[in-house]
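The structures considered in this document are given below.
What follows is a pair of complexes built around chain A, which joins chain B in one and chain C in the other.
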Partner chain A sequence: MYTKHFRTTLGGLLAAFAAAASPAAGAELRIGTSAEPSALDPHYHNLAPNTAVRMHVFEALVGQDAKQRLKPELAESWRAVDDTTWEFKLRKGVKFSDGTPFDAQDFVYTVCRIPQVQNSPSSFTIYTKGIDAIETPDPHTLIIKTAAPYPLLPVELSTFGIMSAEAAKGENVKFEKAGCKADSWPATAQFNDLSLAIGTGPYKFKQFTKGERIVLETNPVYWGRKPQFDAVTFRPITSDGPRVAALLAGDVDMIENPPIQDIERLKNDPKVAVSQALSNRVIYVALGVQEKPPTIEGTDGKNPLRDKRVREALSLAIDRDAIVKRIMLGVAEPASQLLPAGFFGHDPALKLTSDQKKAKELLAAAGYPNGFKLTLGTPNDRYINDEKVAQAVAQMFTRIGVQTQVDASTANVFFSRRNKEEYSAFLAGWGAATGEMSSPLKSLVAGRDKDKGFGTTNYTSYANPAVDQPLAQALATVDDKKREALLQQSVRAVIEDYGILPLHYEVTSWATRKGLTYEARADQYTLAFDVTSK
Partner chain B sequence: MLVFIIRRLTQSAIVVAVMSVLVFAGIFAIGDPIDVLISPEADEAERAAAIARLGLDRPMHEQFLAFAQEAAKGDLGRSFVHGVPALDIVLQRFPATLELALAAMLIAVLLGIPLGVWAGLRPDGIAGRTIMTGSILGFSLPTFWVGMLLIMIFAVTLGWLPAGGRGATREILGVPFSFLTADGLAHLVLPAINLALFKISLVIRLARAGTREVALQDYVKFARAKGLSARRVVGVHILKNIMIPVVTVLGLELGSVIAFSVVTETVFAWPGMGKLLIDSILQLDRPVVVAYLMVTVLLFVVINLVVDLLYSLLDPRIRLGGSRS
Partner chain C sequence: MTATVGATGQGARARAETPMARFAAEFARSRTAMLGLLLMVLVVGSALLAPLIAPQDPYDLAQLDILDGMLAPLAEGGSGATHWLGTDDQGRDMLSGILYGLRTSLLVGVSSTVFGLALGLLVGLSAAYFGGWVDTVIMRIVDIQLSFPAILVALILLALLGKGIDKVIIALTTVQWAYYARTVRGTALVERRKEYIEAATCLALSHGRIVRRHLLPNCLPPLIVVATVQVAHAIALEATLSFLGVGVPVTQPSLGMLIASGYQYMLSGEYWISVFPGIALLVTIVAINLVGDRMRDVLNPRLSR
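Now for the complex of A and B:
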């Protein structure tokens, strides 16, 4: 509640005081973050704030650039030997921050340790379970075997950081599919107290005070380009208004996620620079196609959303340009599929239009000339302006005759209810951590299938073989060109069936004091080593 | 005296037990923490594994019994989010909050009592009226708004003080406090004033009302008639007699300032307990919320005990006996 007031208060005051900001210079970079990692243990919690901090200290085998394309990191090169065998050539001469050399055993130990993390609220095993066997013919070559063709292996190996086997006394641990054996496994607390927080990245940890700050200093034995700032302090400032104020007051040099209503003013401030990038997150409306709709009235218990014409009518009712312009204040881009252009699997041919007249005709043709009553669920503190967007969508639905009410709740309540399929329609977002179309397809719209791991966030009961088949085939196709064509076929099938209604892609913003530049990233991570000063 | 303390502790044990049941049930009703914690990419198998790791697969009464057993041994469980003992997280944040709360109370007492007494002695004077009008502002301005205003004026425009966060700390007996360093003190000033504003107004009103009442008492008139200096009349005879309500209210307020200074801590990104509570509720981190509230209950019990002991010091007629509860 009060954060909203901060924003309004700040809005009025910013204009008057913005000119007075006085940034400080130095070899230290202070960053105000909007969320804090739950631990420094790189394998404890598969969560964006944890990964962002992890990337400074623990490098992965494979890296992702600002557009989420894969790039060499600890592995110099990789190739698929055959459909189920991959060879990774590791970088030579790399040292951990404690001076011990990096080699294949560190990767083996990391993969072994990931399933052993105690109390992990969300484990990285989803990215390691594809690995069937690991061979290390020499210290700088990894042969990884998978049970079935697994084209996503390089992408998934970019999601977790490598820890030092020597530091954890794991030099002799061997990979076993059923579970590796070791006398003991490192505890998360040993990373939080920094004793095991040893990686190969450009920085190393110097201090961690939960809720207050994380301090990094440069890793003197880093193999790559030395970052421009010798020391970095991350300060969690979770409220939007105070975070902007901290930048204007010169308390911090850079902030992530400034509130969108302040971005225009920040851009006009001569002492502040703003960088923005289209993110990998799509905001969508999901339509439940269950036999018995939980939040639809006026249809005698039938579910109108099972009719493609009704779903198309609802899609036509949405004016995506208006949402982007009026509610997102231009800090977003209208979406016609599940990932924006430039991402793997994007189909440039897809378009979504808005046409109220045609929408009404379709509703009438489907047997609902007078519409029906629908409740649209939404979180109110998870995505940028989520509740306002939902209100706008509800009004647009109502305009074609589908009287829509918004049911907004705080994220923890919303997600619990959504996961019990309590909404016939809900607004949510999906960020593709892997930067690939297979991520949203597999989780959001593929029919639920426990064995394949399909439909894990599909709370609409939607299932369409025309989507699932090419997707399953793509996930078993190692050839990139063929795989991209299959993913495009799959996403086309779901969009043309109106199985999900994409609204817009979020744009992520960063604000820095003038003189600093940051290459905005699609994955929304704030990386200090990519900040440069003129 | 001993009986009195034992009775108090027994009562608080019951309060703690009842409260833990309520919090347990309450958070259970809000939703399933796993929906907030787990990566959306996770599949069914990983989801089931995470639920089992956190012990969320068991029915609520079993979870509660397991918790109660461990709690009896002093272990309040591990945070779902951070994976470390919940009590440690709460206690880690305690010094920051305590420091902020004490600084705010100190400001409230040092400013509030003199101003209140002044306004009470000269209720119709210009100064007295101004003080009372000012105290209305202190009551009615929303804390977050004043906080933002303070930041905008003193941090953004004038650049005198930092906009938020906690400064450098120095340890006393292994506990980090920031008021011992210049940097820490600079960081402390704005949030302490922000938090103190409401309390100053409260103390002014209490002190003024008390003063007006006491100033008309016979013993004050007698002291004046006896020719005692005004300083002695006000400083001893009036001040001592208005302190009982002030101490009572301040005691209760201190508890609430420590436990629930959420707004100030949020505006100034102060790494205290109030911020922790809100974050933990949003993430449904039940062990931390329970541990937090248990610490809070204990705190209130201790403060009330101290207040009662202070009464007997301030007013020798009050005796703490076994018959009083």
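Now for the complex of A and C:
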């Protein structure tokens, strides 16, 4: 009553001030996010902000810890029975937030539903395609068969959340490789209006107002450790400055991705705590090796990037340490390959150096002593300081004689143009959702092959059997040691051929008010249930 | 033209010999306007002479070094040169960046105004002279155009056209012509009913001649005023578009883009990247507006005492 009186007489400003003065009040956690999910439907869009919110409500069979190592979630244990058969033991006594029990049929229904999502901008089918047959000998055992040896199955089963078959009236749906049959499939709108947004996770949805907030409350029947906060509000604050200001003003308790130029100041602020972790995202420059280069001039229509010496020269031109120090302000790590040390498949022997003199010599030897003109495409709102990094790279290319223009555009425009191969060189990033080397290799540098799912994000026409062959072999090898050696062989092949120029690995940061702790995650997700207060 | 300006400015003092001299004398009576004029000359002069006086060519990437990035004003760079106004995150000398940025801003502002003015004149005069359905159609188009905020139209156009100085000029011309068309039509409608047009019509002069030699010169004074203010408006609009990242290419920053690249460092203490281009933009726009205001006072017979 006091508060109400206060608000009506003195207005929202003072009320906000009062709330800020007692930040510990209640057990609510307010998080300022840098991006908003495109839908609450867990299978609509394979996109980081969607997955981050999904993980609060819809759990997967397998979980990933802060370092992306696998951990049991809805499956208590799993093992490879033979090269193409996997057995998953499901957790018993788990209930969905509407009270119905979780069992094997929910998994079957989820796998069936994923290909049925309408208008999915980026589908999860890439993770279910490998499944050939599912058997459910009892409600808490899954036998999954794959057509070929498929070592990544447990990792890929950690990427999508499981929905309730009962709520969607799908208790009798059977898995069929060619497509499951049901009278109707749930629509994305039914998740956005919360009617079907029922999962087994620590939280359940309470409110979703697009562009404004997502409110979660604890799931009373959750099987695991209860999260510390009873209610969570995600507020999308996409501009960096206002997001930091919201934290400093006490409007939110925690923010993700504080801008790197403010991190020093936040670290020195006694009211704020910062946590950081090296991410699984590599920022790279891709070089198009098409016959006819779209954005190269001064070469009589030839593509100089098809010459390995030119690609090596461009790599040598890049001073990665300077970019990290000056543009990323130290909040990144220079890259030598596609994933940092500590991730599965990293090859510690690889190194990328910078040497302008040698770069010029290589250019001359390749027949371009006076260089050529190149346009470098880049998004300007997707990765940390993306446009500035691209400018620095352009500066370094220009210095060895390759006059480089930067063509920066907003992410939507950039990605649609890139996907049409309109750039001879572009800057982009890749986060390995699976936390191991096959993810970037398969998507970015493997020669395009629809059937194998290779080269889905390869917009440079690069194809190199020395990369593809060990990669294909690795993807069919269940033995971890052998698989890692094959992945290292594949990544070494592409780096030594300068098929892609890695720049740096992003470091992800979170800032919270003092008293809260968050273990920084390699996968960049902001998970409210992992936030603890002292 | 000189004679006709005299005709509209009859209320002004008649002591001076030519209308132009009379205009200049009248203009000079305001000290603020003279200050504005001085600033404007300074700004335009330094923009024109930028390649000669700037310590660095900020558009030549080979001259930039990120190791010289974010140096404070008066700091010395790796090459030994002093950066009077500091450097931005790419190691671009801010003084050079501002001088070149001014060039871009003025080029865009002035040329889009000239093109907009030409188009607006043509359309507005036709509407007023021919009247009837021509007038109705043209003015409805003008109304529709003016009902959209200029920034919105420009943003959409640039999203379609892409980046580049030429494209910014096209976009700004498109959003500006309607102002002139409406102003010209208003003035021309009044002038058209005056006796001298009637006389010209009686002499059986051609439409083209009447419009060009008689109607047009008498419609110019208010247009000059609108155009001056619109130049300032166009410069501000270009700065806004570049600030939003849809204007000029990042490697050839205008003032707006320099401000944009620096504003995220404001909180962390590197104020100079945004503040100095901001001051340059402010001075430019204020100077043009001071001159424009005074011209309006002098050229408008109703305001003269």
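General remarks:
We take it that the second predicted complex is superposed on the first by the 508 of 534 C-alpha atoms of A that agree within 3 Å, B and C clash if a C-alpha of one lies under 4 Å from a C-alpha of the other, contacts with A are read in each partner's own complex, and residues count from 1 in each chain.
We take it that a contact is a pair of C-beta atoms (placed from the backbone, for glycine too) under 8 Å apart; a residue touches a chain by one contact, two chains touch by 3 or more.
Not measured: the values here are computed from a predicted model.
After superposition onto chain A, the partners chain B and chain C occupy separate space and fit alongside each other. Within the superposed three-chain model, A:G241 lies in touch with chain B and with chain C [touch as defined at top].
In the superposition on chain A, contact is made by A:A411 with chain B only, not with chain C. In the superposition on chain A, contact is made by A:N192 with chain B only, not with chain C.
Legend: residue contacts after superposition of the two complexes on their common chain; A:A392 is shown touching chain C, with no touch to chain B.
By the touch criterion defined above, A:V310 reaches neither chain B nor chain C. In the superposition on chain A, contact is made by A:N419 with chain B only, not with chain C. In the superposed model, B is the one of chain B and chain C that contacts more residues of chain A. By the document's definition of touching, of the two partners only chain B reaches A:P121; chain C does not. Minimum C-alpha separation, chain B to chain C, in the superposed model: 5 Å. On chain A, the patch touched by chain B and the patch touched by chain C overlap at residues 241, 381, 410, 413.
Within the complex formed with chain C, the residues of chain A that make contact are 240-241, 244, 259, 261-262, 264-265, 322-323, 326-327, 380-381, 387-388, 390-392, 394-395, 398-399, 403-410, 413.
If you check the complex, the residues on chain B that touch chain A are 30-47, 49-50, 53-54, 78, 80-84, 89, 92-93, 96, 142, 144-145, 148-149, 151-152, 155-157, 159, 162-166, 263, 266-269, 271, 275-276, 279, 282-284.
Residue ranges on chain C touching chain A, taken from their complex, read 60-62, 64-67, 69-70, 89-91, 159, 163, 245, 249-251, 261, 263-265, 267-268, 270. Residues of chain A that touch chain B in their complex: 2-3, 5-6, 9-10, 13, 17, 20-22, 38-39, 41, 44-47, 118-123, 125-126, 188-189, 192, 209-213, 235-239, 241-243, 245-246, 248-251, 381, 410-413, 415-417, 419, 430, 433, 439, 443, 450, 453, 456-457.
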